[in-house]
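Below, chain A partners chain B and then partners chain C, in two separate complexes.
Right after this comes the complex of A and B.
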C-alpha cells in the first residue's frame, strides 16, 4: 500500500509538490481578489445585506472629490519619493562601492531602516516632526531656517511623509545598485582609461549601462510599494490634516473599516490595483528597450 | 578598485607629492560623506533610544536635551501598565505559526518551481506580492466576521501567511536551484522516492536558506500592522497595534513611546544581524542575490 502510494507520488511529484501552496494561493490570494470584485458591484455595508448596483460604486468614485484627491496624493507621494530614492540610492551605492575598514558593519547599518518595524519608525518620525517639541525644527533653526509645521501642514504633509519613505527605502535601492556595481568588471574601466576616458565618461558609458537593469528592478519594486504605502501614512497623519495626505489606499481603508462601506472600498481598491498593475507593466516595458 | 573609487593616475604632469596630497584629500572627503550618510540613517534610531531614556520633563523641553541622566522608568512603565508582555507573546505566537505554516506550504512549492521550472506558479506569487494588501483584507474581514474568527490566531496566522509565504518561496527557489542535481539522481538510482529525496537530501543541504527564509518571514510577520490592526482584538493584539493604540488614545508620553519603539525594534535588529546577507534578496523577490 505505502509502496503504491509512494509510486503514485513519484509519478505525480510535479504537481503534488506545489499542491499545498497552490491551494493556499487560491484561498489566500485568488479567492479574495475575486470576492473583492464581487463585493465591488454591490452596495454592501459590513454586516448588512448586499444590493447589486452594477458599476454604481465606480461611478460614485469618479464623482467623489475625495477619490480624486486620494489618487492625486498617491501619485504625488510616489513621484516625489521614488525618483529621489533612485538618485540618492545611486549616489550611496557609488560612494560605498570600495574597500574600507568596517564594511560589514556599514552594510548592517544600511539594512536597519528597511527592516525596523514600520510602526516604530512612524512613531519616532511623528515625534521628530512635532512642530513645538520635535527635533526636526531644532535642526531647521540650527541651520538658520524658519520652523516648519511638517506633517501638521496641509501643504507639507505629503512632502514630509515622503521624507520618511526616502529615509526608509533609499538603503534598499542603494544595496540593489551596489550589488550591480560589484558585478561590473574592472577591466572595463581600465580599458576606458587607456582610451582616455575621464571619470564622468566612465560613469556615463560604463557604470550606468551596466546597472541599468538593476535600476529598473529597483524602480519597479519601489513604485509598486510606494503606491501601496499604508503603515507610515496611517500612523503619522491618518491621512490628515483633513484629507491632505490621504492616499487611495488610506481612503479605501477608512471607507472599509471605519465607515464599513465594503462595496465602495472594494471598488476603490480595484482602481488602486489597476494603477499598480499599469505602472508596473509600463515600467517593465522600459526593461526590454535596448540601452 | 574601479576608476571611480580611487584617484585615477591618468594625469602624468602632476608631481608625485601633489598627487598624493590630492588623493589623501579625496579620501578624507569620501569618508566624511560616508559618515554623514550613516549618521542620517542612524539618527532616528539614536533619537528613539534617547527619547526612551529621558524623563518626560526632558522630553518636552522646547530645546532638545542631549545630555541627561538616563532613566529606565519609561521601560518599567510600558511593561507594567500596558500589558506589553501579553502583546509580545501574541506577536511571537502569530509570527511563529505563520512562519511554520509558510515553510510547510512554501518549501515543496519552491522546490517544485526550481526543479520543474513552473514559471506560472512563480508569476502567481509575484502577482500576489503586487496586489495591495487591503484588497485581500476586505473579503477576509467579512468572512472572518461571519465565521466568528476575528480576534483568533486562525485569522491572524492565515493573513500573515500572505506576507510570509511568498517571501519564503522566493528566497528558497534560488537555494534549491543550487542543490546539485547529481545528488538527487543518485538517490533515485538507489531507489529513494521523490519525497524522501526532498526531505532527506535537498532540505538538509538547504538549511542556511531555510533559516534565512524563516527569520525573514518571522520579521515581516512581527512588523505586520495592517492585517493585525483590523483582525486582532484583546486576545491576539500584537505589539505594533498595541503601540499604535497607545499613540491614538493616550496623551503624548514621549518617553513611553520611545521605550515601546525600542522594544518592538530590538528583536528585529538582532535577527537582522543573523541573516543580513539574505535580506535584500528577500525584499527584492530574488532580483538581487545576497
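Right after this comes the complex of A and C.
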C-alpha cells in the first residue's frame, strides 16, 4: 500500500509539488479577479439582489465625468510622483555608492519612511498640511514665502499628495538602484578613465546603461503602485476638495464600500486593472528592447 | 329582571373579569427566566458603561445576555450581515436610526414593539416614555409606531470664546443668523477666524443640515425627490458659504471635526459649530490652551428664518426582527434604558436620552450650566434627520457635499445645488 502510494507520488511529483502554490494562486488571485468580472456585469446594490445588465456599468463609467476625472487624477499623480522618485532615488543611490563614515546608519535611517505604517504616515502629513496649525506653512513662512492651502486647495491637492508619495517611496527606488550600482564592475570605470572619459561621460555611458534594467524594474514597480495608491489619498483628502484628488481607486472604493454599488465599483476596478496592466506591459517592453 | 339590568350585569361582569385577569397577569421581570439572548453592540461609551452591570440584569430577570462588541465600522458590517441574513440567534442591537433607519425599516429588520407596549405583562409600568427627550423618542418612531428606545442623544452647539466676545463688545451669543454673521465679522482678527465649521464635502452635511432646516429647507420633497434645489436650501448654503469665505479659516474644504475642534482648541477661532460632545476636548488641558479652557461658552444653534431646528443624533437599542426571544430582548432594552440606569449612564459620561437623568444634581455639577441648558433646548426640539431619510445615505451626502465644496470655492450656489438635486434624484431612482 505505502509502496503504491510512494510510486504514485514519484510518478506525479512534477504536478504534486506545485499544487499547493497553484491552489493558493487560484483562491487568492484568479478567484477574486473572476468574481470581480462577474460582479461587474451586474447591477448590484449591496443588500439587494444582483441584476444582470451586461456592459451597462462600463457604459455608465464612460458617461460619468467622475470616472474621467478619476482616471486623469490617477495618471496625474503617477506622472508627477514616479519620475521624481526615480531621479531622486538615483541621486541617493549614487551618493550611497561611495564610502563615507556612518554609511550603514544613514542607509538604515533613509529606509524609515518606507517601513512606517502608511496610514500613520498619512495622518501625520494631514496634520502637517493643515493650513492654520500645520508645520508646512510654518516652514514656508520662516523662508519668507507666502502660506499655502496645500491639500485644501483643488489645484494643489495632487501635487501635495505626490510629495508624501515621493517622501515615502524614494528610498525603495534608491535601494533597488543602489543594488544595481554595486553590481557594476569597477574595471569598466578604470578602463574609461584610461580612455580619457570624464565623470559625466562615465555616468552617461557606463552607469546608466548598467543599471537600466534595474531602473525599469523600479519604474514598473513604482508605476503599478502609484496607479493604485489608496491609503495616503484616502486618509489625507478622501479625494477632496470635492473630487479634485479622487483617483480611480478612491472613486471605486467609495462606490463599492460607501455607496454600496458593488457592480459599478467592480467595473471601475476593471478599468483600473486594464490601465495598470497596460502601463506595466508597455514599460516591460522597454526593458526587453536591447540597449 | 329586565333586559337592561341583564345587560348591565353582563357588562359589569366583563369589566370585573378583565380587571381580575389583568391583576393576575402583572409585569414580572422573572417571566423569561432561563432565556439566553445576544446583542450586537458598538464599541461605544454606553457599551463600556452597561457591560459591568449585566450581572444585575441577570440576577433580576434570570435572562442571560451576551454582548458582541466591535469598533463602529465592523459593528455596522456585522449587524448588516446578521440582520439581513435573518439569523434568529441575534436578539437585538444598538442602532442609530438617523444613519440606517430608512434601510432597516424598509427591509423589515427591526421589530416594532407596539404590541409589547400595549401589553401590561410585557412592559414595565415605570417605563414612562414621556421622560425621553422628544427628539430622541421621535427618532425611534415610524408612522407613529415604535421600533426601539433611545439610549443617548447628541446635538451640535455653538462653542464661543467669552473673552473675545467681551473684547469685541458683544453682549450675548448670537440669537439668530444675522447676529451670527455680524458677530463673526467683529470677531475675525488677523489669523483668528470669526467662525469655523466643517466644509469637507460629505463630512460637512451633518452640520450644515442644521442651517438647511433652520432656513426652512429639507432633504426631500413630499414626493420623495431631492429638495436641495429649493429656494430655502440655496439661501442656507449661500449664507453658510459667505460666512465661512469671509470670516472662516483657510482651507475650509478640507475641514472635518478634527480640524474644526483643534482649530478652536488652539485659540485660532472665536466661534465654532459642532457636536456638543466635543466639550471634552475643550476641557482637556492636553488638547486645549488655558485661555480656551477658561473662556468657552455654549449656546444653541442661532435661529434661522424658519426658527430653531437643530438635528439630534440618537443611538438606541432595537429588537431584531428574527429574534427567537423578542420578549426577553425587549425586557433587556427596558432594563438597560430604565430611569435608574440612564441616570447612572449620564454620570458615566453617556449623554443619556431621559430628561430625568439630565436633572440629576450630581451630573449638573459636572458640566457647565450653559452647556446643559443649550443641549437640553436642542434635544427637546431636535429633528432626527441629520442624514437624508433614504437608504443610500452616504451617496446622497456625497452629492450634497460636492455642492458644499463648490460653494466654499466661490462657485455659484444655485447651479451647484441644482446639480446635487439632479444627482440625488438619479441615485434615488436607482437603488
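Just so we're on the same page, the second predicted complex is superposed on the first by the 282 of 291 C-alpha atoms of A that agree within 3 Å, B and C clash if a C-alpha of one lies under 4 Å from a C-alpha of the other, contacts with A are read in each partner's own complex, and residues count from 1 in each chain.
One rule holds for everything that comes next: a contact is a pair of C-beta atoms (placed from the backbone, for glycine too) under 8 Å apart; a residue touches a chain by one contact, two chains touch by 3 or more.
Just so it is clear, the structure is predicted and the values come from calculations on it, not from any experiment.
J.: Quick check for you: in the superposed arrangement, does A:179 touch first (chain B), second (chain C), both or neither?
T.: After superposition on chain A, A:179 lies in contact with chain B alone.
J.: Could you look at A:150 and tell me whether it touches chain B, chain C, both or neither (first, second, both, neither)?
T.: After superposing on A, A:150 lies in contact with chain C but is clear of chain B.
J.: Who does A:285 touch here: chain B (first), chain C (second), both, or neither?
T.: So A:285 meets neither chain B nor chain C here.
J.: Under the stated touch criterion, which partner chain does A:258 make contact with: chain B (first), chain C (second), both, or neither?
T.: The second partner, chain C, only.
J.: If you count the residues of chain A that each partner touches, which comes out higher, chain B or chain C?
T.: B
J.: Given the touch rule stated above, what does A:133 touch, chain B (first), chain C (second), both, or neither?
T.: both
J.: Kindly classify A:240 by the partners it touches after superposition: chain B alone (first), chain C alone (second), both, or neither?
T.: A:240 contacts chain C only, not chain B.
J.: First (chain B), second (chain C), both or neither: which does A:45 touch?
T.: The second partner, chain C, only.
J.: Between chain B and chain C, which residues of chain A are contacted by each of them?
T.: Common to the two interfaces on chain A: residues 47, 130, 132-133.
J.: Where on chain A does chain B make contact in their complex?
T.: Touching chain B from chain A are residues 6, 9-10, 13-14, 17-18, 20-22, 24-25, 28-33, 35-36, 39, 46-47, 92, 94-100, 106-121, 123-128, 130, 132-133, 135, 138, 167, 171-172, 175-176, 179-180, 184, 186, 189-190, 192-193, 196, 198-199, 202-203, 207, 214, 217-218, 221, 224, 227-228, 230-231, 234-235, 249, 252-253, 256-257, 262, 265-266, 269, 272-273, 276-277, 280.
J.: Mind pulling up the chain C residues that touch chain A in the complex?
T.: Going by the criterion above, the answer is residues 80, 84, 103, 107, 191, 193, 200-201, 203, 249-255, 259, 262-263, 266, 268, 392, 394-395, 398, 402, 405-406, 408-409, 431.
J.: Hey, which residues of chain A end up touching chain C in the complex?
T.: 45, 47-48, 130-133, 147, 149-154, 237-238, 240-243, 254, 258-261
J.: Over in the complex, which chain B residues touch chain A? Could you list them?
T.: Where chain B meets chain A, its residues are 1-6, 8, 10, 30-31, 33-34, 37-38, 40-42, 44-45, 47-48, 51, 59-64, 104-106, 108-109, 111-113, 116, 118, 121, 124-125, 127-128, 130-143, 145, 158-159, 161-162, 165, 169, 193-195, 198, 219, 222-223, 225-226, 230, 239-241, 243-244, 247, 252, 254, 257-258, 260-262, 264-265, 268-269, 272-273, 276, 279-280, 283-285, 287-289.
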